[in-house]
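Quick heads-up: structures coming right below.
Look at the two complexes coming up: subunit A is in both, with subunit B in one and subunit C in the other.
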Partner chain A sequence: MSAYMPKSILLFLEELGRTMQFAGLVFRTGVANKVPMHLVFEQIWKVFVQSLSTTALAGFFVGGIMTVQFTLQVKQFGALGYLGGLSTSGTFREVGPLLIAFMLSGKVGAYTSAELGTMKVTEQIDAIRCLGANPILELILPRFIGIIVASFFLLFVGLMMSVGGGLLMGIIFSGIQVEEYLRHIPTIVSIPSIFGGLFKCLVFSILIALVCTYMGYSTTGGAKGVGRAVVKTAMITMVGIVLSDWATSMIFDSILTLVMEA
Partner chain B sequence: MIRFNNVVKKFGERTVLKGISFKVEQGKIAFILGTSGTGKSVLLKNLVGLLRPTSGEIYIDDKEVSQLTEEEYLPVRKECGMVFQQPALFDSLSIFENIAFGLRRHEKLSEEQIAERVSEALSLVHLKDVSQKKPQEISYGMQKRVSMARTLALRPKILLFDEPTTGLDPVTTQAVNSLIHELSRKLKTTSMVVSHDMACALSIADQVIVLDQGQIVEQGSPQELLKSKVQLVQDFLQEVKEQ
Partner chain C sequence: MVLGWANSVGEFFYLAAKSLQFAFTPPVRFKDIIKQTEFVAVQSAPIVVFCVCFAAVVVVIEASFHMRIVIQNDSLVPGFASLLILRELGVVVACLLVTSRVGAGLAAEVSSMQITEQVDALRLLGIHPIKFLVVPRLIACVVGCVLLTVIANIVCLYGAMLVTQHKMGFGPANFLSAMKAFVSFQDLVFAMIKGAVFGAIIPIVSCFFGFRCKAGAEGVGTATTNAVVTASVLIIFADFILSFLFSSLY
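Entry: the complex of A and B
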């Protein structure tokens, strides 16, 4: 069958297969060994601090943008009271997780693949193996878990900032009162939409963690190879985030429809 | 004792090692010589399990190691200290932590004992007052010696050096070569050195293996090598005479 397939598709499938094998190796190593928790905490803190300022800033303005965009629509229907609820719900369900994912991909994903790639081409990873240690356990797992856990903290910060940004823009552009803006947030932001946002955040962070650690760990070819790994990480995670966003939205909406019908 | 038996290593369609067989006796120094790209480093990496042979067997002290799993290989690697072509020091750690890395993972030692072992390893490579520095704060030659100290701290039975003098000036090259000789004799280790340096091989090796295009074209003692009729060996010897 491979004779009939274009080479690019074969290469893509090969790379996908290797990535899945790598994911399996990381998972098995995590299950079979005691994960060094001090390294995990170190990575959580590092990822969180690395992305905190940009996430907070972006969260604030995304909240503001959502509010400005919704203002026109809700004013037409005389439903300004729902502005806070609509804007926050949109951010929770869609924009928040997507924003965190792009931030993580650009900052942490690129940084991690460059860091691991440099370690690989300068034989530091081989040195770890030769010193009788397991690089998957010492390097990959802490970064993998660190990115996933930190993304939830960042999501929380980003969402809080977006509520703040939305509120401020609401006051400035719509003249809405603080109490009025906040009143409908609990009614419109439902539990399923919170779960939807959290689920997306989990999927995106696993994708970023997997791609950047795999690309870094499999780097070859010196400085050029490190550059290639970073570019590939950025490209694959960006496309992967958009595709998995579509897939998770479809899946989650189907589940929600089934639950509501039942 | 190290023994390679008909080892073949392929990367896709390309065969890098074409049926390599040799033996290095306990406590001896073997030099692997050859031009670039002949598979010298690949040979060492197969020995420590960083690469696996496509076929053939590798024995360390009569134990076949090429079929071991990654987990099973970890204790073998502790016995085989490898010094890489590049210093390969962990740049986020101090020199002290670099050398203590293996000790913290394999030995149940107190902080005082670790400090003692680090200082012992540093003195073996004639370095002092560098333990609190970061790798980037010392010269490349010193980084190479720290890399040796990191390997020695685990007290390996076998020492492997992958082009240890690449990128060093002639004076430091001489110092590193003397150090390899001194360490191997002092610690009674079996050593394998991948190198281009025929002059050094003739002066400190017990056995020299010459590789060309993935095959052994000559092997023997330095005295035997001087009588070799193989063209590549002649070229290497000519270079030594010109120096």
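Entry: the complex of A and C
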């Protein structure tokens, strides 16, 4: 079998398998032991504060971009009343989670893998093991949970900022009233849409947490190796985010079709 | 703190202005530029193509969801999807992917040169580091991003065409005529201008953080992270400004 496959595919599958084993190890460690909560809270706080300004800024401008683009589209049909609802719904369902995930993968993902990678190549992780502590429990698990929980808070902040940015551009650029902009938000943004956005955010954050901790933990080869691990993390998370975005959209679409037919 | 911040902003604009100036002064280093363009455009192309295929599917699904709410049918999906792809999605997705791949690589490269004192060595030899390091990468990134924008737009439109045919039964002829009604050639030109601007942002930000890198393995990691995040935020900001400017030209 393996004679017919290119080597790169085999390497990819091998790496995928190792990542899954690593995920299993982290999960088992979390279930079997008492999770050190103070470390988890420290990580949540760190991730949140680190990325707050970036996420808020990006969210604001994305709201603005969505409003400008939707204005150009709906103006041709004289449907400016729907503008607020459409651009908010588009941001909540799709663009918001995607963008927050991109920001997180650049900021938190790269930072965490660089941090863990440096610890690995300077043998600090081995030192922790020598002291009788479990590095998975002390280092990996808090970062894992921290990234997932903090990304929810960041998503919330980013989405609120995007509504603000969209509203501002709606007033300045499209020249519609505040009430007119806000009126259709509740009619178009439905509860399933919000849950869809939250679910997407959950999937993306698990992906980021897994890839960056695995890449950092398996770094070899000195300072150059750390650089390689960081670049690889950024790349893999980006591609993974786009892929899982597609997968979750497909799943939600088919569920929606089933519900509508039933 | 404010002074330090103002200082770094000044340094950034100095770097940007200097590299733009050197980019237009004669000795053009073709060999370096070609090599860097290969790294930026050719090596990123498979990933960009792969990602925009999936982005096309998502765009069509989302457009159809919103159309069903507002006008109760799917008839305008091809037009809106092609509009969204050409005006925003193709160029932004392609350039964000290039940022995370090329930007991180450049920042890591330049900052390791900085902490191993290779940049100082260049200066000692009488070679301007901006001229030697930044300018070839700048030209390569601008060219590469424009090329990747065109490729990404074409692939994404093909993907959307396939999906609309498969999911909603619009044939290619339907899709193309809807596209013709909604977008024109100038949209592609605007997308290419956006691509060029984003392509200029990436290497300047990466080299800026690379040159400021502090010694040690941690410095390289920090420089890389900062470069990718700042470049992504600046790209979104520039996208906002450019969309606003272009919207008065449609």
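A few points about this structure:
The rule is simple: the second predicted complex is superposed on the first by the 262 of 262 C-alpha atoms of A that agree within 3 Å, B and C clash if a C-alpha of one lies under 4 Å from a C-alpha of the other, contacts with A are read in each partner's own complex, and residues count from 1 in each chain.
Convention: contacts are C-beta pairs under 8 Å (C-beta built on N, C-alpha and C of every residue); 3 or more make two chains touch, one makes a residue touch a chain.
All values reported here derive from a predicted model rather than from experimental measurement.
Look at A:I185: by the touch rule set out above, it reaches neither subunit B nor subunit C.
Of the two partner chains, subunit C is the only one touched by A:V242; subunit B is not. After overlaying the two complexes on the shared chain, residue contacts for A:G132 are found with subunit B alone; subunit C is out of touch.
Once the two complexes are laid over each other on the shared chain, residue contacts for A:Q124 go to subunit B alone; subunit C is not touched.
Looking at the superposed arrangement, the partner reaching more residues of subunit A, out of subunit B and subunit C, is C. By the touch criterion defined above, A:L167 reaches neither subunit B nor subunit C.
On subunit A, the surface touched by subunit B in one complex and the surface touched by subunit C in the other have residues 122 in common. By the touch rule above, subunit A contacts subunit B in their complex via residues 122-124, 126-134.
Residues 47, 50-51, 54-55, 57-58, 61-62, 65-66, 69-70, 80, 83-84, 87-88, 93, 96-97, 99-101, 104-105, 108, 112, 217-218, 220-222, 224-225, 228-229, 232-233, 236-237, 239-240, 243-244, 247, 250 of subunit C are the ones that touch subunit A when the two sit in their complex.
For subunit A in complex with subunit C, the touching residues are 54, 57-58, 61-62, 64-65, 68-69, 71-73, 79, 82, 86, 89-90, 93-94, 99, 102-103, 105-107, 110-111, 114-115, 117-118, 121-122, 173, 188, 222-224, 226-227, 230-231, 234-235, 238-239, 242-243, 245-246, 249-250, 253, 256. Touching subunit A in their complex are the following residues of subunit B: 45, 48-50, 70, 74-75, 77-78, 80-82, 84-86, 88-91, 101-102, 105-106, 147, 150-151, 154.
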